[in-house]
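Both complexes below contain chain A, partnered by chain B and then by chain C.
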Partner chain A sequence: MLLRHTPEKITDRNSLTINPAKTCQPIGAMYAALGIHGCLPHSHGSQGCCAYHRSTLTRHYKEPVMAATSAFTEGSAVFGGQANLIEAFQNIFKIYNPDIIAVHTTCLSETIGDDVGQIVRAAHDDGKIPTGKHVIHCNTPSYVGSHVTGFSNMVKGMVNYFAESSGRRNGRINIIPGWVEPSDMREIRRLVKEMGINPIIFPDTSGVLDAPQTGKHIFYPKGGTTVSDLKNTGDSRFTIALGEVASKAAGEALTAKCQVPCHTLDLPIGLEATDRFIDMISKLACVEVPGSINEERGQLVDVITDMQQYLYGKKVALFGDPDQLISLTEFLISIDMRPTHIVTGTPYKGFEERIRSITKDVVPDINIKNGQCADMFLLHQWIKNDPVDLLIGNTYGKYIARDEDIPLIRFGFPIMDRIGHTYFPSVGYKGALRLLEKILSAFMDRQDRDSKEESFELVM
Partner chain B sequence: MEILKDRRNQIHRKGDEPGSITCEKASVAGSVSQRACVFCGSRVVLYPVADALHLVHGPIGCATYTWDIRGALSSGPELHRMSFSTDLNEMDVVYGAEQKLYHSLIELIDAYKPKAAFVYSTCIVGLIGDDVVSICKKVAAEKDIPVLPVEAPGFAGTKKDGYKIACDALLSLAGTANTDTISAKSINILGDFNIAGETWVIRDYYQRMGVNVVATVTGDGRVNDIQKMHGATLNVVQCSGSMTHLARSLKEKYNIPFIRVSYFGIEDTAAALYDVARFFGDDSMLARTKELVRQETQAIMPEIRRYARDLEGKKAAIYVGGAFKAFSLVRALRTLGMGTVLVGTQTGNPEDYEQLREICDPGTIIVDDANPLELCSFLKEQRCDVFIGGVKERALAYKLGLGFCDHNHERKEALAGFIGMRNFAREIHATIMSPIWKFVPRDNCEDSGNPS
Partner chain C sequence: MDNVSSKNNNFNPTAVKDELLKIYPVKVLRKRSKSIVINDNEATPEIQANVRTIPGIISQRGCSYAGCKGVVLGPTRDIVNLTHGPIGCGFYSWLTRRNQTRPPTDSSENYMPYCFSTDMQENEIVFGGEKKLRMAIQEAYDLFHPKAIGIFSTCPVGLIGDDVHAVAREMSATLGINIFGFSCEGYKGVSQSAGHHIANNQLFKHVIGKNDQKHEGKFKINLLGEYNIGGDAFVIEELLKRCGITLVTTFSGNSTYDQFANSHMADLNAVMCHRSINYVADMIEKKFGIPWIKVNFIGAAATAKALRKIAAYFGDAELINRVEHVIADELEAVRLAQEDVRTRCAGKRAMLFVGGSRAHHYQELFKEIGMEVVAAGYEFGHRDDYEGRAVLPTIKVDADSRNIEELDVEADPLRYEPRRTVEQIETLTNSGMEFKDYDGLMNDMAEGSLVIDDISHSEMEQLIDIYKPSVFCAGIKEKYAVQKMGVPCKQLHSYDYGGPYAGFEGAINYYREIDRIVNSRVWALIKAPWQKYPELQACYTTA
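Coming up: the complex of A and B.
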């Protein structure tokens, strides 16, 4: 259908977004908040925002996603949402009994100027927040940044509210995993533990959004970073923040607040980024890389070696979130593919420069668009003008894939029409192997489907 | 489980107490409500108009979340499936975004030549006060197509208020095209959104009866048909929650009578078709309708009887947007030998709940604007076998180890009409009889897990 509605001729647009490659801040804050144990996210605005975010997260994770709303009416829009928020605290603690409420704002509450920090303090002072319970917040106006910015803001909110420095180091390390799947958070934990270190990972949605079927609905599943761990982040030896856009702000806030040194790395997606992640931990924590991890790496390299002829020179278009795209682009280059068109709606100044530096020797004429008007419509136009062999991105890519008859590998957020993303990681060597398998299968399925009778082969 | 004091009167157990259920209230602050907002209401009603431009004026989220979410199919143009947004940024919020809206509209109308444009203003636009109405007027004059402001800031009421705003936009389109060729035996189909092709099913029945369908509002909708809808003799309203306002307005303005019907279940579908045939007072049409009902019922009954053998005595819970759908579901489930033990809606009115009370069995819990905690507790208490609801209820049902049937936006099979009843029976059978439930402990559902 987009075929008819996407003309090949590209015209300059500066006021209009068509088929967005991003969404708004609050959903990111909601996702991050779900990575705290016993936390109920709270959307301070009209009901619709909360409903949309819950629906989208539910579609992606296939899990019940709980979050409350301030349920703004016209009155709240005129007189401010303070009364709603205070009433909400009381109702929530009474009925849903979370350990923590994590409030994020919306475009509405931001614009009317609600000072959520002040409201939370007032609620504390008036005894509206029960002893031992917590309320944290972050500001997430929908007209600034994107869903990734909202995620970053909520993670920073966790540091602002919880991190404490007791003056004694606890020997642990912090990992801020960035906007990745529960499976990725599990995989990061496994890798770090394999190196003999017990990390504090925050947020951690594993165990929350990949909970097993037990016949029970657990309002607060057993996963998520605990409050005591969030407090302990201030005593850790160092922090590794994965992804500049999603994690750096929180890592730096922790340095400023508790003097925990922070090292920002790319998301460990693909061979080289995973190498850097493992090497960094090994160096900073003074631990040897265990043989088991080297073995995983070797297996990945072995498969790439075996299959290089199928990867050579294949053109690929990508869209998604900046942190993910940077590492993914690097991985694709390292397996001899050609990222040709890249779009991310999330504004991030360093994006284009990073991608160009990764691709400059191989794809000097790459198309990159970031921020304003960087959308799926433009990506589609680029593909029409310069076709690719593969598309990698979230579910919204399926329109383009169908119209242009190119395979789509689902990667990123949201994925509403396939499963697996919550259970199988994309990070680490195992994750890279999974991505590689998907890419190869896409090409080989295609070859099997399209090859003529006389060139149809058994062994590939 | 504790129920908020303010909500106690929104829950009713048939047989327990007299008195009516409280409804049409804003959700309390702090609720995990299953409801959406005014913008959402207007968007879901208007979005299936396939040859119109739909531009969301606001920050990006509102456009992203409503991008092709409804499965409202079109037999022709598909412009409605694109997501257009002015994507407001901070500067726009400070300085206003009227120019941005103007240029976006001009650009889009030039590129796509739509038959009309709907401009949805969201929360933030309602607040910063962009004069959307005058921009729409200006563009309409310049481009010579209807450009309709849909002023639906999310906070300005409930989803139902959004339906009303959408109806007003549709009403302003009606009456603007020539109706000379429309026959006397003509209707508009109101309140079907062609999810999984349901409008096609219904339209086909009417055509076989000899009824001329002028406009389908809004499933598989076309601007020009809507512009002619004042030429129809009768309005047949299905989704009463969303479309009664339009039907009433058409009655006031053009003196077109309307009837409320439902196409869910055999009884209700047959009743709908008979009501229309009787309205026209045409014996041959009534005879054709009887034949149609006979043929269609005969075609599906053997299969339905097979399912009903397994389903006899199973118990269902219903939580849907509108009440009319709930009535039909209670009856359709009875056709399968099943009982309904919990029924709730997001937007029912007092008469709706009174009628629900009448048709439900004693002991049925009736609930307005429920939250997941309540739903869970009632599902457990009533020992349901299947939950019928929307996207946010699906994951909940599965976690509790119950079957689930989507009766909202994510239908994959048409559930309207006779064939829809067959599909519904098949889906209910498939989910309740799934072997997976043998592997799920079902008896130890908990209201909630306490943190830590």
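Coming up: the complex of A and C.
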């Protein structure tokens, strides 16, 4: 047993988190910043944060993750990091020549109270930022929120710094995709284009974190939202913010700044959430849903009807990020499965209420925990008391999966021991089909593995 | 770039150095210039190392917390390692260093798959986190009843002034178990190296020497600076056992609290990673009288040398004989593997930019298959790691190093017991045994090779562009950028989830791994057929 010290008996914990189902804000800000074309994320704090975030993102995306750091030492921690940051700007523009530097803070620079906005303004005034280049920032103290909040803050930072309204609408629509994979951002673009609309998706890590092998390391790959598109977001007809936690804040900031109306939807994971996404675009943009999308939807529904016997009543434990878990739970319910235990370390007040409203008819006694001490240790204890057929979550779930002999479907962040997540979407109807395939394969592999020889069947 | 290399690949290192530096602003150029040196075997040049990372430069380095919690304490299975801080630090150091361990039974303590954190919130940053820390320790104790708890401070903890040591003392008194803190805030020092030092100091103060249990074995050693990545420690443990050498403690691969507590009962300290742990070796010698020697179990020849060195120290004919038998047993398979792999690897070039000793140790393995290391450097080395321990007295102690506590160690009034007399040490020294010594990296590198401390991303890319090495050894952050350049990258922190590479068995694994990497077909497939011949050929259609 790998997690041999996890007791079945559940005791209250208020201070000790064990095996967290979240990580800290700055890594989310770094990921979001990578979704701007020509951008070098910059971590304002000690160099270890930047190293840890780059390592974790690299392990997940299996791609170069470039980012710089203010490299605080004890002196900077005492006297403030302004000198380090200004020095960093000069070095970065000279050596790595980005179009934009996206600065996020860390618990260190937040605790000493560095005012990054003021430092950036001063750098501008002193001519430390070359003409035509940009520096944006956001505050991401690690002791607030989680990696998802950090993502949200950086996207909001993009709006704060770039969005402009020229007074003329450009006919485009904005989509804030939330913390999803490059493959998902690509799929969202494909779906929207299929409806005849050219969206501004921001951030957009497709083309950045799934770049091709060419024999050349392109420091700023061709993907990412361009600065001109980020400016244009202020002239778009409307914004669709996908995910309350990851995207709503930026959408609302854009409404406040440029009066672009914002509609917050769930991440289009699963059948119904994708339906709402397509339906809303169709209505707001006054476009008909094309036959090709109806066909994709029909294929998904067809597989669900065909395979329903394998799904019905199966119990699932889930952990991950709130936006993803909400849509995923709804999908599981829609295919007649029973989400039984759910944790997310990311604090989000509406989480429990949403999950309960989705599951109330099927799993009225569902276990949900969110925020402080909502961790995988507790999830494991719940599973010990009430076993499940399937576990869905990031790579760290593999320890529980092995100990309890439950199939694990890797979903969320980080996934460090498999590939595919960055290339194959899990949003939209195609994404739902892929999730379904994974779930079914997990159950059928299990059935094959566990069956007696006499009942080992060729056809299933 | 014509003067940098000629067609027959004779590189001009001075020109390469200038090329690496020319992109930098003047101030950076001046600083980096001192950290890039051209090896001279006649007169070892002075290198600038263990100095601050330049803000804005993309570096390989991590922080003090990573060195303390991740590297040194990480591989110890029965200490509850509690990170005091916001969630991130604990999360990132959770299982990511491949700390393998072998608990003796299915129910033995093993907390390695667990991540413990106080997950500090804004409230604790404002009002202090000691209360939460105290409660977290209590909750950990109630759940697990461990024999020891280590508390690791993250950046904000130092700033808000939480006294983790006082909390540790208080909770230790309340709970009756050993609880100790580490002031390893990320901003301390200039790299992971500060964290190693802090970890060693606290282990020395709070654990080493707590258990006086005697061991049966005749030849008792500790292995220091071996962290059991990819199962290296398992191989070495087995090898020592076959030789009849008793391993009291490993710092800290596959280790336990009790072994640390008992380590002063050994008769020799054998040091692998000099950088991370020379402090402990020195302190144990001063307090308990155990001499230390440098060994290296990376590379077949190095392994044989290390075993012979240990045997020579004990000077026992039977032991020496047994060691020779074990070596002879192993070397035939090693020779066959070397001969085979050499046919495909000899003459190829490697670069190593990693760690604080691996960039040195792994050169042995490349040499054994006929590969040339053209450039190397450490991520968190000090000058002595490059130039040898003889330069210690000339190293200037700067403010960043001065912030790391130096323990004042004295001989233990009761337990100090020199394991060898002055005469014995002298005899051994005269016969070639080097005590408390370590040759630097430069000593083992070719004339004119480039030695670079804390290499930056831009220097790395240019080096690869110029030398076009067959393999580049680094870590996960560098891996995919290197590979995008069409050059395979071998991770020498995590071993790319391979290994073991220590000992004879490990050496063979490594030869084969490098053979696979440098000869993989995929590198020749990067260009599509139509991209290889850019000039379009005329085509005629009948339409």
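Throughout what follows, the second predicted complex is superposed on the first by the 457 of 460 C-alpha atoms of A that agree within 3 Å, B and C clash if a C-alpha of one lies under 4 Å from a C-alpha of the other, contacts with A are read in each partner's own complex, and residues count from 1 in each chain.
To be clear about the criterion, contacts are C-beta pairs under 8 Å (C-beta built on N, C-alpha and C of every residue); 3 or more make two chains touch, one makes a residue touch a chain.
Computed from a prediction, not measured in an experiment: that's the story for all the values here.
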Superposed partners chain B and chain C on chain A - clash or fit: clash
Partner chain(s) touched by A:H37 [first = chain B, second = chain C, both, neither]: first
Partner chain in contact with A:D99 - chain B first, chain C second, else both or neither: first
Touching partner for A:Y220 - first (chain B), second (chain C), both, neither: first
First (chain B), second (chain C), both or neither touched by A:K62: both
Chain B and chain C footprints on chain A, overlapping residues: 1-2, 4-5, 7, 13, 15-20, 22-27, 42, 45-49, 51-56, 58-59, 62-74, 76-77, 84-85, 87-92, 94-96, 106-108, 111-112, 141-144, 146, 211, 213-218, 345, 372-373, 377, 396
Parts of chain A lying in touch with chain B, wherever the complex brings them together: 1-2, 4-5, 7, 13, 15-20, 22-27, 37-38, 40, 42, 45-56, 58-59, 61-74, 76-77, 83-85, 87-92, 94-99, 106-108, 111-112, 141-144, 146, 211, 213-222, 226, 345, 372-373, 377, 396
Complex interface listing, chain B residues touching chain A: 2-4, 26-40, 58-67, 78-79, 81-90, 92-93, 99-100, 103-104, 107-108, 111-112, 122-124, 126-128, 153-159, 371-373, 376, 391-392, 394-396, 398-401, 440-446, 448-452
Sites on chain A touched by chain C in the complex: 1-5, 7, 11, 13-20, 22-27, 42, 45-49, 51-56, 58-59, 62-77, 84-85, 87-92, 94-96, 106-108, 110-112, 141-144, 146, 211, 213-218, 345, 372-373, 377, 396, 399
Contacting residues of chain C [partner chain A, same complex]: 23-25, 28, 52-66, 82, 85-96, 106-107, 109-111, 113-122, 124-125, 132-133, 135-136, 138-140, 142-144, 154-156, 158-160, 185-190, 399-400, 403, 456-458, 461, 475-477, 479-486, 526-527
